[in-house]
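Following: one structure in structure tokens, then a few remarks.
Chains here go by letter, A, B, C and D, matching the order in which they are written, and residues are numbered from 1 within each.
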Amino acid sequence: MEIKKPKIKSMQYEDFQDNEYLEKMVAELNAEGTNVLLGKLDDLINWGRSNSLWPLTFATSCCGIEFMALGAARYDMARFGFEVARASPRQADMIMVCGTITDRMAPVLKRLYDQMPDPKYVVAVGGCAVSGGPFKKSYHVVNGVDQIMPVDVYIPGCPPRPEAFYYGMMQLQRKVKLEKFFGGVNRKEKEEK
Amino acid sequence: MFDFSIVSSWIHGLLTGFMPEGLAIFLECVVIGVCIMLMYAVLAIVLIYMERKVCAFFQCRLGPNRVGKYGLMQVFADVFKMLIKEIITLKNSDRLLYNLAPYMVILASILSFSCLPINKGMEIIDFNIGVFFLMAASSIGVVGILLAGWSSNNKFTLIGAMRSGAQIISYELSVGLSILTMVVLTGTMSFSEIVEGQADGWNIFKGHIPALIAFIVYLIAGNAETNRGPFDLPEAESELTAGYHTEYSGMHFGFFYLAEYLNLFIVSGVAATVFLGGWMPFHVSGLDGFNAIMDFIPGFVWFFAKAFFVVFLLMWIKWTFPRLRIDQILKLEWKFLVPISMFNLLLMVLIVVFGLHF
Amino acid sequence: MNIKDRILEIVPEAQFAEQGDLTATIPAESFHALAERLKNDKDTQFDFLLSLTGMDWGETLGVVYHLESTVYGHTIVLKTMTADREKPELASVTDLWRAAEFNEREVFDFFGIRFINNSDMRRLYLREDWVGYPLRKDYDDSLNPLRMTNEVTEDTTEELSLDEEGNLVNKTNVLFEDKEYVVNIGPQHPATHGVLRFRTSLEGETIKKIEPYCGYIHRGIEKMNESLTYPQTLALTDRLDYLASHQNRHAVCMCVEKAMGVEVSERVQYIRTIMDELQRIDSHLLFYSCACMDLGGLTAFFYGFRDREKILDIFEATTGGRLIQNYNTIGGVQADIHPDFVKDVKEFIAYLRPILKEYHDIFTGNIIVHQRMKGVGVLTREDAISFGATGGTGRASGWACDTRKRKPYAMYGKVDFKEIVYNEGDCFARYMVRMDEILESMKIIEQLIDNIPAGDYQVKMKPIIRVPEGNYFASVEASRGEFGVFIESHGDKFPYRMKYRSTGLPLVSAIDTITRGAKIADLIAIGATLDYVVPDIDR
Amino acid sequence: MNFMMLVVAVITAIALVVAALFIAKAISPRSFNPQKGEAYECGIPTRGKSWMQFRVGYYLFAILFLMFDVETVFLFPWATIVGELGVNGLISILFFFGVLILGLAYAWKKGALEWK
């Protein structure tokens, strides 16, 4: 089966920066071939999932204010259907780690992530969440949120502009559009050893 | 006026023509069930979309516009996603009650939804005590909310459930009294008869002052019944994260979400039926030509137009007012709405007894 | 009466340093008695503990107190120290100034100094199982790897107190009984404005007690500063209170400029003042938005943000940043103002005046808002001073604590503006103070915007700045209170110790007092109107 | 026919929930971790049990509601025929109604309507 290109409305495939990564991902996922029917169902599921990414209201510092600006009138993330920010992790689809994660916060964040239902995505927003940012050398800062949980999209910036948020979110949408759910790929009901 | 019962009896006749009556009735029941389900889902989706667009409009935003034309597919995507989201099983919860709660909530809203007369001859459940039944059915929802909050074994949900318990049952009283006021005017509890009785003028005009007061009381109390702002205490996001359904994920949460919007529609639908004439067109006595034109518009259009008008009113209120505190909510109910609706009831009785209504 | 003489009269062995502020070094054993006299004597009345800084002087550990009198306006710096690095113990001053409660816990957390008679000697910012004291010069970070286990929260706390015979005894105080209904509000909670955690003991809806837990965003900025050059430290100030980034940076620049004896040009003073006031409007608009959101009025939130974007546009044109601007530098500002700056600011002010009326129409005048805010969460004037709750919160309690009036800096001495003071001390007063301050800020900007003098926007500084040896303190009126910077320099290119007086810490330490007996919903209203920013508390 | 429709509505409601949950269970991805099933409390483990004695002022209102709602139930049948009963119906119900109002006034006076 040929590699499908994730389509995002009003932004060309070529305009995104890191298509190689996604193409590699598709090639890996499609290595064993896909059943046509299940492939179509996957497309349908991914359409629903990618267009309805509800973020968890989680902000530790500066990036949180930009996240609020993102939801506010000028940038209006409701256009993409992101506006249903849920305060409970049980109802959220993705966690936007806006701001520095400290040693004390790390287990809390991990717990929140653990309590989210599958499928769940993580977006690391801002320098601090990506790598520790300006506080990399501090004794109390986690150098990058990827040390404690898998990250899907990194949005650099200190804080990133709302446009950068959008770019990151659309990247996440593109990534979600490529996933495969049927065939029991994602079932991990037992504890991993 | 188009009578939907013609259609249903025609279908019945057609079916009994080539199959035994028992089977025909069974088939009809299945069709009705599927219709309820479809209408329920479609209405919820329309309402959610409407809410998002309306609030965006109030807030100088655009609202959903990327998924589908004008964002029309947005809610489908949301519902679809919720449908395929993991449902978390809690460790320390009361399993049975935890799983029972969404059934209760959905049952309450579907039962009360089925009572609404959408068109002439198009009411699914039409008891002669319809109003009474609707109030009884809708209060099953409180049980669902209490169960949800209690069984989750979470402190936020527990407080949320307690709050909603106190709030919803309190406001049920005002809803009851204001509808009772209208029952005094119409002299019947059956929804179809209430609508029939408004052929010569909507109740809100017929009952003038007390009807208007009852309408306002009903709107306030109904808004509180549906847990919507400014009475959205039970789920008060900025206080209790997500209130009684904090621990519900995926479709479990989806049911609460759908039921919330459907309850909004039911409250508006009852308001439209009892106060604004339901599917009855707008008639002005004397202007026969005008009335005839109005009659051309089908009943269900009238019904939905009126119901959605009330929905819009309630949304307007929600997106304008800040949230009340729990003691203020109960004070508003017990010290203002209950006495007002009691005296309003007496006023209405006086008017009816002395024939002062139109 | 000379304060120096007075101190010598009480403690004859006190030593003085005459450079900058009057600094007295007091032996530890007579410190508490002196502090008590200074606070209670009629002619000194040092009733405001501005800042309490822990110090590690290598040989000794100690504390620096900045005191101020709200009656006379005079200030003094007191130092006390102990040579015992294994078990350092100093007398607590929590009985005199309640602001010391949290500050002493902070010092304990960072330096391990235990305060005798402070009833709550727990760590404030770090995990309870943290090893060592990070701000000591001999701290070893390898002992503290990232711990991913859930933190165990103790329900008890230690107190070191003197019994009747004068012996030190350890006492255990209970914070929460076993049967109390304790709910965590935060760290991840939409209404705590960041990652603050309140452990709340509830009785029904009523709050019996609140224990704030800080440190979820403690980034160790003060420790990092000790290995950064002065211009480098500036980068981190913006990230303290990101809604007062100009003002925070202004304070640090001012402090270093004062130490170096640098005179900045009048143009810089004008620009800094205008930027500070724009930042204040920005912050207060955000306050309005968030207060509305927390009280459930979502639509007003969007209106506030809509107008805030306009300020961000102005900032962006000149500084290149929306939230974090990195604009002030030592000796000036980073770049000259944008050619359209004056025009944009004037347009914005003309735009904002009618908009403010709209705000009052949609939110302030609402009956529900009055019901939710009036008479709720009262902070008395005495408590406000004792806790050191400056800014809008203090002014709402009737305490005229505006640094711009008390210690005028930049252009504030020359412009005409009113200090907004309300006497009710409740949520509504706190809300109204900030809404009125927007008007005053606009007035200040209007007076300055047309007369920005020509001149340099920067004084040429040496690439490596060495601040002369000594202690320096400067403070500005940040968006939410007095923001102070304390620098101890040993003549290197790095500061020896750099401490920020947080504007939010006093507010959080007062929250238990304010919310006693209130309801959960009131906690949200109180939190919203106190208007703290958590990264500023945790630093 | 109406009671049949009632049964149909009940079955529909149950079927809706069952069907949706079935689909969700069938195709939703799942994962396991030890913290997932624990109670959510802003990311901090819960202290003690949630099902503990909890002083609520809410129950007072529940009891008041019960009283008034039962009385409303009695009023409903009367309300449908009050127009035909005329003044007699009005006067006879006034006694009942008076008790109702007295009850509310008593509760008000006693402070039962105050939030504690």
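Note that contacts are C-beta pairs under 8 Å (C-beta built on N, C-alpha and C of every residue); 3 or more make two chains touch, one makes a residue touch a chain.
All values derive from a computational prediction rather than experimental measurement.
Relative to subunit A, the most remote chain by averaged C-alpha coordinates is D. Per-chain Cα centroids separate subunit A from subunit C by 35 Å.
With each centre defined as the average position of its C-alpha atoms, the distance from subunit B to subunit C rounds to 50 Å.
One simple way to say how far apart two chains are is to compare their mean CA positions; for subunit B and subunit D this gives 15 Å. Residues of subunit A in contact with at least two other chains: 45, 73, 87-90, 108, 110-112, 115, 117-119, 181. Each of the following residues of subunit C touches two or more other chains: 150-151, 181, 183, 187-190, 205, 302-303, 306.
In subunit B, 59-61, 83-88, 155-156, 163, 237, 241, 246-247, 250, 326-327 are the positions where the chain touches two or more neighbouring chains simultaneously. If you draw each protein chain as a dot and join the dots that touch, every dot ends up joined to every other dot. Chain contact summary for the complex, subunit C toward subunit A: residues 125-127, 134, 139, 141, 144, 146-151, 187-190, 194-195, 215-221, 223-224, 227, 235-236, 239, 242-243, 286, 289, 301-303, 305-306, 308-309, 312, 322-324, 534-535. Here subunit A touches subunit B in the complex through residues 9-10, 44-45, 47-49, 51-52, 73, 76, 78-81, 83-84, 86-88, 90-91, 93, 115, 117-119, 181, going by the rule given at the top. The part of subunit B that touches subunit C in the complex is made up of residues 55, 58-61, 155-156, 159, 163, 229-230, 232-233, 236-241, 319-328. Of all residues in subunit D, those touching subunit C in their complex are 41-48, 52-58, 115-116. Against subunit A, the residues of subunit B that register as touching in their complex are 52, 56, 59-67, 71, 73-74, 76-78, 80-88, 237, 241-242, 245-250, 253.
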